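Order of writing sets the labels: A, B, C and D. Residues in every chain begin at 1.
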Amino acid sequence: MSTASVPLPNWITYVLIPLVNLVLAFLVSGFVVWLIGENPIDALVLLVQGALGNGEGIGFTLFYATSFIFTGLSVAVAVHAGLFNIGSEGQAYLGGLGCALVALALDHYVPWYVTMPFAIVGAAIFGAAWAFVPAWLQAKRGSHIVITTIMFNFIGAPLMVYLLAHVLIVPGKMAPETRTFLEGGQLPKLDWLMAMFDTTIGSAPLNVSFLIALVMAFLVWLLIWRTKLGYEMRTLGLSPTAAVYAGIPYARTVIIAMLISGGLAGMMALNPVMGSSARLQVEFVGGAGYVGIAVALMGRNHPFGIILAAILFGVLYQGGDAVSFDMPEINRNMILMIQGLVILFVGALEFMLRPTFVRIYQTLAGARAVS
Amino acid sequence: MMYYDTLISILGSTIRLSIPLIFTALAGLFSERAGVFDIGLEGKMLGGAFAAATVAYLTGSPWLGLLAAIGTSVAFSALHGFASITNRGNQIISGVAINFLVAGLTVVLGQAWFSQGGRTPQLGAEARFGAIILPGAESLRSVPIIGPLYANVISGNNALTYLAFVAVPLSWWILYRTRFGLRLRAVGENPGAVDTAGISVTWLRYRAVLCAGFLCGFSGAYLSTAQSAAFIENMSAGKGYIALAALIFAKWKPVPVMFACLLFGFLDAFANFMQGKAVPFIGEVPVQFFQALPYVLTCILLAGFIGVAHPPKAGGVPYTKER
Amino acid sequence: ADIKPAIVYGTGGKFDKSFNESAYNGAEKFKKETGIAYRDFEPTGDTQGEQALRNFASKGFNPVIAVSFAWTSALQKVAAEFPKTKFVLIDDSLDLPNVRSVKYKENEGSYVAGIMAAMASKTGKIGFVGGMDIPLIRKFECGYEQGARAANPKIEVLQNMTGTTDSAWNDPVRGGELAKNQIDQGADVVYAAAGATGLGVLQTAADNKKLSVGVDSNQNYLHPGSVLTSVVKRVDLAVYDAFSDAKNGKFTAGTQELGLKEDGVGAAMDDNNKSLVTPEMKAAVDKAKADVISGAVKVHDYTTDNTCPKS
Amino acid sequence: MSQSPAIELVGIDKKFGTVHANKDINLTVAKGTIHGIIGENGAGKSTLMSIIYGFYHADSGEIRVNGTPVVIRDSQAAIATGIGMVHQHFMLVENFTVLENVMLGVEGGALLARGVASARTELKRLETDYGLEVDPDAVIEELPVGLQQRVEILKAMYRGAEILILDEPTGVLTPAEADHLFRILRVLRDQGKTVILITHKLREIMAITDTVSVMRRGEMVATRKTSETTVEELAELMVGRRVLLRVEKGPANPGDFVLSVRNLTVKDSRGVVMVDNVSFDVRAGEIVGIAGVAGNGQSELLEALAGIRKPASGEILLNGKTIDKVDPALLRSLGLAHIPEDRHHMGLVLKFEEYENSVLGYHHDPAYSRGPFLNLDAMRKDAEDKIKKYDIRPPNARLRTANFSGGNQQKIVVAREIERDPKMLLIGQPTRGVDIGAIEFIHRRIIEMRDAGKAILLVSVELDEIRALSDRILVMFAGHVVGEKTADAGEQTLGLMMAGIAA
């Protein structure tokens, strides 16, 4: 009998199988590490220790995860409305402009907690604005949103470089970046959070935007599964014809979903721009928008899953750093490859082991039923 | 005449920039017409480029390099097939995974083998696809209008360029004139129909995906052994995504795919050419404007001219009989 | 004294055949001569850069070299946290008691290359391909243009920038295409200041039997007989000196601006380009160098006012 | 002469996860007969047939063809064994031509050119032999469903099927088309071929089959010679209780005009005029039936009235007020409810849980929401009430809608729309593919609605249904309303009007 429709308990589906897949990914990675001539076990220990072994490592891990939560949520919200937003990268980039302008304008005058709400709004508005045109083109002209959002990534990059290199740059400075924000434009670090667990954050840039990300995850959950708008988005995403039948306005829903998606992507900028480097730089997004796609897909577009997937990627980023710091042969490209393997095994090959688990489960469950 | 020379130069550039797009978009065509989305074109192209450069360097033969590129790219296709066809995984995740994997792996191996920062050693002329001068190119050059066009745009390209233009009609012929093509188009629209007709959906989709790998091998080899003379980290630089855009732009049809790729190539070439030039009435425009121009124009074209593009109906959905 | 030196490279990666690789070569040379090992790290982004600097400092590495203006702000923080550690910042300046800043007068090196390019050009057109459009690259371009004009007032300089993302430093395909474009428009010498992108520029120039100018490291060997010269930036010396000074207890903070005078920049001459450099060219280069060093000629620095005067 | 049976099933068992779709089925189908199979929605008929066709694999059991046990690994093997199947949900490639669909899988060589020529001739032959007329170069999605089904039959014939399985073929056909189909089936039988016919329509079973088997909840409960059984007995076997086959209804009591349509013209997405200058009224307390062969503009009319499709010209008045916005939500708020023809694509979101579908279109109702939020408790409570009241099975509001059988899915839609207590109810094909137990139930609800003074517009291709329920009947042909009849008009008359022959 076929196994596809045999239900498995949630703890197997959502916990055990992904874990086993993760182990497989690491086994293959370990093989490559071994080929390169390093000890895979040592590398793994370094990775886990570097990412989770101390307060600072955890701080970095969560810092990276914060960005991925935002972009993951951004992708997921759009997916629920049936839209594949590949533009989170560009929307986040523009979001950086939004929050930087707020920070530059306010940091002289007010403390961070006054700046923050404006910065959130600023980042969200700029991110949303960058999503608006593709959304409008999709809604009104039927232009494929996958292409238009990719195009807008490519359009956003030159725009930002122009602004940073010619407009916002500090005269006499080499790097195309804004001036450093004063305290009033910086998001404070979460030392107290780590202190609660009796460890110190060290120099890790984990900051208040982590909490903002968690709040956003909750709000997205609320939006998708508890609000009428979320219901309309899901209807549209799952069956556009049923949405027409139900009187759900297509253009409006598409545009709103994309604005929310773009806004979430834009907020990602809070983390690196105001939380870490305290200035706007070229390329600060650094691919987090694309990682967001993987995070959303691996998290099954559910905020809780997204948080977990984002943390997994945070572990890889931070742990990878730690490994490459101590093992010269293992560099950032090895980490990139390991990420690929993790996405492959945990994401794309998620069903590979399912039949096996179904058989084992049935044997065990059967044995229990008999006895 | 000045303007004509300029035009010739831009056309030549258009061709050079379009070739990897054409191969890659055709690759996407085979895969997606069979109902398997392929975001991993980028990665396959990159993997192909690495293999081609490595083998061409070691053997001194660009053709062996091409073979290696095809082999590598086909292997990644098989992986994509294993994940998304056999195991019914999400096709987009699988593609994204391959992109990450290849981006990292090529450099890791490159560094381990050549110690040049993930680059492969520079290839000599004999290990690359060199320009092929068509008969009469030199003598015809002086003929007005036609001459320069023939000598500078049509002649003087490398073997892969001509192969790309052979691949387009060939792909069309395969899709619309052969049994394989008929079945391939059917499985992308309604795999149930294919299955009940007694054809294996799995094997059919595998073959389509392998075709995609085959074609990506050419674009990879083009990048590292024709257009450049070495593999360099991430040298595909987003071309896989642009090829996908061209594919959608062309509504998943072979000949329009070629024109879409040429259009993208032309926009790119035009933007390169316009950089740093004064525009009448405006004066010098920031470089970034021209760098954004191809993408802006693409959006305008999409909005204005092509309307809704319907992907193959079963695209992106793994085939399952059971609900 | 025993030292534990470390390097944090720029995001181009240590084997970029140009800027970072030059730093790497300096460190290797030091290692070979003294037997003192060093540690290095290739960050991918801003956060990692800061993390790496701090990591090295906190683990007792000293001196620590930050090879890129991208780490300026990061170093500002980290250097304040570790006042006992000696840092070196390449390509930008920081006013801190434990930081040595090393800046280069790329405009001067480019000026010399511009003179050579203009003299080598038969068409009266030369080209420039930059990486990303940032002030530093404009500085290269501006000096090059000024030099070319000094040699041939009617020279036409075509210029392109490769891109707007990090891949602008790593896109030889586009670099080659831009170079081909310029060649089609008549340029017969093309100068690449674009990291690994430049490899494509040099390749295309060689393929089309034209001349090119390399950057940062001596790239003349890449295509002997086609690379006219390379505008070298002696980051290797800066690294080597910093390590040696630290070892000998002679480390000083403060900003160094290295130009032609200090041999911090220059146009590479070696066997690979010997056949391309005519005696007149050689003479003109020597004269220009003397003029710049003496102050008779002032090469404009784009970054001082973000403009490039066209005269 | 004892000829071995065409098909023999022994102990066939099949589970989908926890659903036991076929339980130890034994069945014998004699050669050269038409064998009917009936059963309620979800009884497991399609599953059983798909097993014979190699589309699914039985968990256990044996299949014998012409007396020899066979292993049918896939459809290819079934085809090779001489089995052909017309699926309940068509297996056609919609953007292919008829010819391409017929050829798919039997192209006759690696290149198409030669196969195309021979397929053309073979199609011509089938057309003349069986009256299976269809333009080989027509694109499927542009054909009416009746013709699409003909293509499915052609596919099977083209592959040389000796045993032909038809899964609910008449659900989408007019009486005339159904009669035509039956003529073809008889010809096939007379040529010695074997036909297995699944249908919900007992009348058809009685009219055409030689033997009939009844399935209930995955089990084969009975097999009868058609000549030795009655409609009543079959109905009882199917449902497991006595059912009333006739709809009882009193005379209508028409009140005010609720819906008025004036000179309405509607085009489809390709710009073809599908509804041409149509005018009529529906009054409170009456059922107006629209009869017609599928594809004569009824669907577009219904969509225009429901606010889904923008009319090209004309006027629609609801309760005397002109409706000039294309907005289903607005119409709903004015008391218009709509049971769409296509429950899979319109009426339901198959991936939603049941309770989510039971508020589709009404999610703004304060009863199901609080401000911008949904009131999930209220939604689930409401869904459970409807599940009880409409006997929706399985009674689980948290089950994915896709996991309900077709009839139960239809009940979910019907419950949602009727329970709104609308003033005006638009109904499209309310019982397509629905078993008689459910049909009886749905019909009774519709009559109750009418008696409660609601205005009802009913579109159906089932002439029986139209005649049983309607108080007035409008017949549509080629976009026009070609005539109006009272409920007692004869089938003959209506049939002719539907064919555009008489008015």
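Definition applied: a residue touches a chain if its C-beta (ideal position, glycine included) is under 8 Å from a C-beta of that chain, and two chains touch if they have at least 3 such contacts.
Protein identities per chain, from UniProt: A, B = Sugar ABC transporter permease; D = Heme ABC transporter ATP-binding protein.
Since the model is a prediction, treat every value here as computed from it, not as a measurement.
J.: Identify the chains adjacent to both chain C and chain D in the sense defined at the top.
T.: Chains that touch both chain C and chain D, as defined above, are A, B.
J.: Based on CA centres, what chain would you say lies at the far end from chain D?
T.: Centre of mass proxy via C-alpha means gives C as farthest from chain D.
J.: Of every pair of chains, which is linked by the largest number of C-beta contacts?
T.: The chain pair with the largest number of C-beta contacts is A-B.
J.: Measuring from the mean C-alpha position of chain A to the mean C-alpha position of chain D, what distance in angstrom results?
T.: Computed value for the inter-centroid distance: 46 Å.
J.: Can you give the whole-Å distance between the Cα centres of chain B and chain C?
T.: Result: the chain centres lie 34 Å from each other.
J.: Just the number, please: Cα centre separation of chain A and chain B in whole Å.
T.: About 29 Å, centre to centre.
J.: In chain B, which residues are in touch with two or more of the other chains?
T.: Residues 111, 118, 233, 238, 286-288, 291, 322-323.
J.: Could you say which residues in chain C touch two or more other chains, in rising order?
T.: 133, 163-164
J.: List, in ascending order, every residue of chain D touching at least 2 other chains.
T.: 16-17
J.: On the basis of the stated criterion, which chains touch which? Give every pair.
T.: Here the touching pairs of chains are A-B, A-C, A-D, B-C, B-D.
J.: Quick one: which bits of chain B touch chain C in the complex? Just the residue numbers, please.
T.: Residues 5-6, 8-9, 12-13, 16-17, 111, 115-119, 122, 223, 227-230, 232-235, 237-238, 269, 272-273, 275-276, 286-288, 291.
J.: State the interface residues of chain B toward chain A in the complex, per the touch definition above.
T.: 79, 82-84, 87-90, 92-94, 96-105, 107-108, 111-112, 118, 233, 238, 241-242, 244-245, 248-249, 286-289, 291-292, 294-296, 298-299, 302-304, 306-309, 320, 322-323
J.: What residues of chain C sit close enough to touch chain A in their complex?
T.: It is residues 39-48, 50-52, 54-55, 69-70, 72-74, 76, 81, 91-92, 132-136, 163-166, 303-306 of chain C that touch chain A.
J.: Which stretch or stretches of chain D touch chain B in the complex?
T.: 16-17, 53-56, 74-80, 85, 87, 89, 91-96, 100-101, 103-107, 109-113, 115, 155, 402-403
J.: Looking at the complex, which residues from chain C come into contact with chain B?
T.: Listed in rising order, the residues of chain C that touch chain B are 13-17, 21, 133, 158-161, 163-164, 167, 170-174, 176-178, 180-181, 184-185, 196, 199-200, 203, 222.
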